[in-house]
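Letters are used for the chains, namely A, B, C and D, taken in the order the chains are written, and counting of residues starts over at 1 for each.
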Amino acid sequence: MTLTQETSARTITRKPVPHHASLIVKGKDRTGIVAAVGALLSRHGANIVSLDQYSDNPQGGAFFQRTVFSLDNLQAVLPAIEHDLQERLRADFELEFTLRDLSVPKRVAIFASKSDHCLLDLLWRHRRGQLPVNVSMVISNHPDTAEEVRGFGIPFFHVPSMGPDKSAAEAEHLRLLRGNVDFIVLARYMQIISGDFIEQVGVPIINIHHSFLPAFIGAGPYAKAKERGVKLIGATAHYVTEDLDEGPIIEQDVVRVTHAETAADLQRRGADVERAVLSRAVEWHSQDRVIRHGNHTIVFA
Amino acid sequence: MTLTQETSARTITRKPVPHHASLIVKGKDRTGIVAAVGALLSRHGANIVSLDQYSDNPQGGAFFQRTVFSLDNLQAVLPAIEHDLQERLRADFELEFTLRDLSVPKRVAIFASKSDHCLLDLLWRHRRGQLPVNVSMVISNHPDTAEEVRGFGIPFFHVPSMGPDKSAAEAEHLRLLRGNVDFIVLARYMQIISGDFIEQVGVPIINIHHSFLPAFIGAGPYAKAKERGVKLIGATAHYVTEDLDEGPIIEQDVVRVTHAETAADLQRRGADVERAVLSRAVEWHSQDRVIRHGNHTIVFA
Amino acid sequence: MTLTQETSARTITRKPVPHHASLIVKGKDRTGIVAAVGALLSRHGANIVSLDQYSDNPQGGAFFQRTVFSLDNLQAVLPAIEHDLQERLRADFELEFTLRDLSVPKRVAIFASKSDHCLLDLLWRHRRGQLPVNVSMVISNHPDTAEEVRGFGIPFFHVPSMGPDKSAAEAEHLRLLRGNVDFIVLARYMQIISGDFIEQVGVPIINIHHSFLPAFIGAGPYAKAKERGVKLIGATAHYVTEDLDEGPIIEQDVVRVTHAETAADLQRRGADVERAVLSRAVEWHSQDRVIRHGNHTIVFA
Amino acid sequence: MTLTQETSARTITRKPVPHHASLIVKGKDRTGIVAAVGALLSRHGANIVSLDQYSDNPQGGAFFQRTVFSLDNLQAVLPAIEHDLQERLRADFELEFTLRDLSVPKRVAIFASKSDHCLLDLLWRHRRGQLPVNVSMVISNHPDTAEEVRGFGIPFFHVPSMGPDKSAAEAEHLRLLRGNVDFIVLARYMQIISGDFIEQVGVPIINIHHSFLPAFIGAGPYAKAKERGVKLIGATAHYVTEDLDEGPIIEQDVVRVTHAETAADLQRRGADVERAVLSRAVEWHSQDRVIRHGNHTIVFA
């Protein structure tokens, strides 16, 4: 048995970090970008805490850099840094950038339906301090999980969504979300999201698909996996685009299965993979570790 | 996003199965055991649903067999089958056996301390119908999880256990447990269990150790893993014996880590492995899939 | 460093086993099959060494059983056992069965092209005694690997196969193979196999596909995987049928990749998965551990 | 089956790259290091191709950075860069650094005994262009693999090493190695290496240990793993130090096993893990991706 001294797991945190900011830089690769960013941050007294970069072709390909830096009087200096980056990176290098104070957690809305395994896993990790986000609300087309969600101290909104016309439901969604969230997570939300909604809501949407995409696209992936006799089943977290199940993949994982497992067994086994994959995707997104580029992602995990 | 038709995850079950029984046979390997068991069950009209066997040496080594069979009037016939097995297996083959009606779930007590990830994962899987057990009670040396546990409809008992002398606490444990449970799970219970208690309680005890045993035996395994610079960390579920961390291993798993992760990160990552490994061990034990043999286990998973 | 006493790895073997036979039984599930097989083998003095069974539905579903038994005078008694099985299983239970003396290794022909990683891995494992087969010959549409293959003491035949008409090449293949092999392995053989050839050659054909089927069916899977931005790449060993990449899957595995890996990197990483997956499939097939059923496999690994 | 157009796997390479250099920087963390390195390289017209850095504590902890940069006239400019680094990093920041032209592959000697799986895997990967090294020689205390090694075009030296006194053998080793190699790989070399030898040879030595260290230190790890009943077995590549099996770990991996596998099976399964783990460690070391720090490694893989 175990003898470890008592340590409360609740003290282990990936909480938002004070005095830290993330800088994401993206654009055409050219000589000197890393040096220019380094020099600029250095001039403001910032200390680089971590730096990841990737170029898909050093001869003028696409360049990506994630830098986390610390600075004691961060909030006071951030506008000046932003101004300098604007001048130096946008003007001299034609690069895009995003600068974000990491002490301000991203605000997320979680959409769910009846299946609660992904939803509860996110709420549970959030309560343990493992997800550096503010969960603004949970929206579901079923009332079943209301009590449990509210037990976590999170607002729950029941928005029914029957039939093929989603416009009423989506209008209600937009009313709830506008101005209140920085991204959305579909935690096994079993309703189609319209292109209109994606455009109007204007924030990234992360979905968990219950298969190893692009295998078993669409409905009923576990039944299809059983039918095809595969030896591994998986799950995929991806950004939602208008093309169903075709958005940029953030994370995937699989688990081994055998002939002896029924489609229901696969679904049960898959649920564990789904919640693990989704929680990793949400954690990485909330820490600015995922950069979208065309239909791909650069993940500095 | 996903389009699967609504299916409630709560309908997927590993519930106790009606009309099914498990038969575990154990002893010295001899020619004809499988045939004898098959013939005996067949005579009673039983249909073999699954059969696993293992012999560590066909020439007189140790033999193990797990058979699950179905029979419409199971409860009526079980005593007659038991009687026949007694005569045939014990008398002719000198084998030990255990016969169990699988429609009667095993009763379990879960011991926990402050860390709640293993405890909550078990309760959550139980509620989803994934663990074919009755959770009789949760016992903790801390009151922190009382409300949450009771929210699952499970009795919670707070039994403080301070200082080196565990006799008062263990006496209280025995009062609560006696006659009420078929096995015990230590879900990150951070107190020493005495040899006396193990003997007196008389039911199997499953512990989750937060390392890949036999590496990092004892206290503080994640700190030790960080110190040694390992590239994988793991967890081990095992039966508790008087020898600390030395009991028969039921299940193990690992996850990859890097130099960049702190001991606290390892603990956080390890928590996911711990709950996965422990839930598999509990599921297998509750389905009679684990056979102890000396300091080893045969696992027909 | 290591201090292990010298042990030659070449002494570790999965060589064909003397006095052992495998019995594969397949058909409609009915009460009493396991018992009948057990009793029959017992009557002939056979000792069951391992037994695996699976039923996809105990109420009249499909039933599969693999039994390995030992018997001192196996070759003398095998015909009598076969006769009894014929009567008992075919007549009473309407089951199909296959009985095979495991001391006689299956004979295999390996087809290859320019890529040599799967071919060499098989030959290397075979030399170490890890594959219980006789490699009758290697056939390639390129002469490149001739010297290396012959260095293993294996006959090598170069059969060019240019253009869309494969009939001349396939006629030559049939001349070489007929009567000489029990199964064929396509070890990254980059030519289409015609339905005619599959029918005429009359032995199972195992192929390794360089993706996690059904994802990335067809040509260029690593380029497609890079294009789709997946986070895992895989390989699939399957039986060849007339439907390209659609045959029964035997084994699959995957490996994690990142955005930073090029399509060429994926191909290089994938090569390790391919050879591992193919060698497992060949080992299991040669030990009668894989049972085909419709477009699926039952794998008693 | 597969339809991919013919591509020779031999064209996929991790060959030494022309015009590229690696710069490893190591020392006490201070504000401005990344910027200073970037500015310095930029001044010489170098383009940063990849950059990884890690600090175990931004407040004065240990700092590590690996930078790969490209420069058309690299060989001409390298001395000037080195001179500037000397001044800027050593003088201003008190950092150590190593600068290396990546077009010059590291020279390696491989030590082996009778077991050939790790040796052959390295030679085979090297021939495929997957290891950016020059294999200068293979040294073995057994003559068995001489012909095979020479078939790869690599010099083979048989240096017997019987009895406890290794001084004669080690003297011969030193004569062969001195001035000829940049690092040594013990590919299942079953002899003790003395502290004297480690000191005198003066280059890093990588060993593959056939267990998941620190579990099963010392001789006979697979027998010990079987005895302890573990459910996973592994392998560990580490740098050799005077303390047996205690050196800095470079890479580890594991594979799942069951009760049914004998110690010989574990050894056979483990061989696959050993060769995979060792080849990754050798690849990373040869690309300057592994930085030693005390008894740990920073691996920028």
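What we mean here is this: a contact is a pair of C-beta atoms (placed from the backbone, for glycine too) under 8 Å apart; a residue touches a chain by one contact, two chains touch by 3 or more.
Quantities reported herein were computed from a predicted structural model and do not represent experimental measurements.
> Could you check if the interface between copies chain C and chain D is built from the same residues on both sides, meaning over half shared, or from different ones?
Same, since most residue numbers here occur in both copies.
> Hey, what angle do you get rotating chain A onto chain D on C-alpha, to the nearest 5 degrees?
For the C-alpha superposition of chain A onto chain D, the angle is 180 degrees.
> Considering A-B alongside A-C, which chain pair is linked by more C-beta pairs in contact?
So, comparing the two chain pairs, more contacts are at A-B.
> Taking each chain's centre as its mean C-alpha position, how far apart are chain A and chain B in Å?
Using C-alpha averages as centres, the distance is 35 Å.
> Measuring from the mean C-alpha position of chain A to the mean C-alpha position of chain C, what distance in angstrom results?
42
> Enumerate the residues of chain B that touch no fewer than two other chains.
Correct list: 54.
> Where on chain C does chain D make contact in their complex?
Contacts found on chain C: 1-10, 12, 14, 113-117, 120, 124, 128, 130, 151, 186, 188-190, 192-193, 207-210, 218-221, 240, 244-245, 264, 267-268, 271-272, 276.
> Enumerate the contact residues on chain C facing chain B in the complex.
So the residues of chain C in touch with chain B come to 31-39, 41-42, 45-55, 58, 70.
> State the interface residues of chain D toward chain B in the complex, per the touch definition above.
54, 212-216, 228-232, 234, 248-249, 251-254, 258-260, 295-299
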